[in-house]
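One chain, chain A, links the two complexes that follow: it is found with chain B in the first and with chain C in the second.
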Partner chain A sequence: MTTDALSRVFSALSDPIRRDMVARLADGDATVNELAEPYDVTVQAVSKHLRVLEEAGLVSRSRQAQRRPVHLEAGVFDLMSTWIERYRRHAEERYRRLDDVLAALPDDVEPVPPTRQGA
Partner chain B sequence: MTTDALSRVFSALSDPIRRDMVARLADGDATVNELAEPYDVTVQAVSKHLRVLEEAGLVSRSRQAQRRPVHLEAGVFDLMSTWIERYRRHAEERYRRLDDVLAALPDDVEPVPPTRQGA
Partner chain C sequence: MSTTTHETEIVADPRVPLVRITREFDAPPAKVFRAHTDPELLAQWLGPRGLEMRVDYFDCRTGGSYRYIHTRDDMEAAFHGCFHEVRPSEMIVQTFTYEGVPDEVALERVVFEDLGNGRTRLIATSLVDSFEGRDAFVASGMDVGVREGYERLDELLARQK
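The block that comes next holds the complex of A and B.
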């Protein structure tokens, strides 16, 4: 379900270490050990973070290779971007309509409250 | 701190009811009672969700008005979009470089593994 997928993606990215890992993987695939290197945490802790990212669909791991490098599934970003852009556009359109109303007011009169119709 | 702000925003949006509220507020300000209406939850539960959105900077509430309508702070979307787009672009550039390498191969020969230099 899309709703759950989005919840998982947003939740996975609510942790700064996981966002950092995504940032690193955007530059190229990496092994768990390579990903663990910059952090003062155990490889187990890193594996746990990776599992969260994997369950959210943000990363995948090759099954064949011995090294099993971690790969960023950048397409998942689209899911978030689509959601964000939809509501950003809604909000912007609302402001634009307000601007149009204000711009349509004659310059030489004070704005007045709208008259109630059918009241 | 930006890192914490981002964590709060992603965390706030990891809940489907809170995303729904943001979607609703993109169409216009609303009171707590209006926001609670479509859900089978108490006004208290809705207030709790709103507090999470407020702490993430995603919504604000007017202090003066008796109705205290909730207002979407659409600018916070920029914070997420900037983060997402930066790493999406990184990943895309990486694929483009790979495409360039493949395109530069002569058509009439099979791709060969790169020769090792200085080995």
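The block that comes next holds the complex of A and C.
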């Protein structure tokens, strides 16, 4: 289900440690032990965070190499930026219509329509 | 004529589930405010392109409420909420619910900043109660593009299995 996939991506990123791990993986692949180093948590806890990121499709782990480095799937982030950009363009289109509405209004217009004032 | 120098900016806050939109207008705050509070004017710009906007009721004052419906062919999407605080030419704080998901509510604030020389900076924030809700909210604004986006995500995720 596509909406679930989207929710998994965003809920995976709702945790500060996982966001931090993602930020570090943006610099390059790393092993679980390397990722666990800066945190005051067990390797098991880090593995659990990684599983969440993996299930969301944000990271992948090599099946071949013995140290199984964690790799960031940057494509998912490109996709998220695309969504945000589409949202922005949508808002921009709306505000260009507002530009036109404003251009047609007299300069001395009251901020609130008369029938709604008072009460 | 429009000579807007700044295009719409969007920030999806990483720490709290909100979206902030900033845009400047070549009109004083009173005019921009009027375009938000007068349902006849609102209907001319608020709805997505290609959709009709029908205002059921719209009482834009502190304690008032609103409801409007976007329609296209046989598709209908209704929205409603309350005006929590309406301060002419300065600020509107309101709730916002899409009736398709009636348990969810966004808290929206629109600030009209007077830039002088007949210009206004609009800062519109939407706060929801979860990141999932925020991102669904971002996705919902995408109209046509969203399906394509989901399909691409599907492909991307499928490749990683």
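Convention: the second predicted complex is superposed on the first by the 102 of 119 C-alpha atoms of A that agree within 3 Å, B and C clash if a C-alpha of one lies under 4 Å from a C-alpha of the other, contacts with A are read in each partner's own complex, and residues count from 1 in each chain.
Heads up, the rule we're going with is that contacts are C-beta pairs under 8 Å (C-beta built on N, C-alpha and C of every residue); 3 or more make two chains touch, one makes a residue touch a chain.
Since we're looking at a predicted model, the values are computed, not measured.
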Q. Who does A:72 touch here: chain B (first), chain C (second), both, or neither?
A. first
Q. For A:96, is the partner it touches chain B (first), chain C (second), both, or none of the two (neither)?
A. second
**Q.** Contacts of A:88 with chain B and chain C, given as first, second, both or neither
**A.** both
Q | Touching partner for A:50 - first (chain B), second (chain C), both, neither | A | neither
Q: Pick one for A:21: touches chain B only (first), chain C only (second), both, or neither.
A: neither
Q. Is it chain B or chain C that touches the larger share of residues in chain A?
A. C
Q: Figure out whether A:35 sits in contact with chain B (first) or chain C (second), or with both, or with neither.
A: neither
**Q.** Contacts of A:107 with chain B and chain C, given as first, second, both or neither
**A.** second
Q: Quick one: classify A:7 as touching chain B (first), chain C (second), both or neither.
A: both
Q. For chain A, which residues lie in the overlap of the chain B contacts and the chain C contacts?
A. 3, 6-7, 10-11, 13-14, 19, 83-84, 86-88, 90-92, 94
Q. Which residues of chain C touch chain A in their complex?
A. 1-2, 4, 7-10, 12, 14, 19, 21, 23, 25-35, 37-38, 41, 44-46, 48-49, 59-61, 64, 86, 88-89, 118, 122, 131-132, 134-136, 138-139, 141-143, 145-146, 149-154, 156-157, 160
(Q) Quick check on the complex: what are the chain A residues that touch chain C? (A) 2-3, 5-7, 9-11, 13-14, 19, 57, 60, 73, 75-76, 79, 82-84, 86-103, 105, 107, 109-113, 116-117, 119
Q | Footprint of chain A on chain B - complex, ascending | A | 3-4, 6-8, 10-11, 13-16, 19, 22-23, 26-28, 72, 74, 77, 80-81, 83-88, 90-92, 94
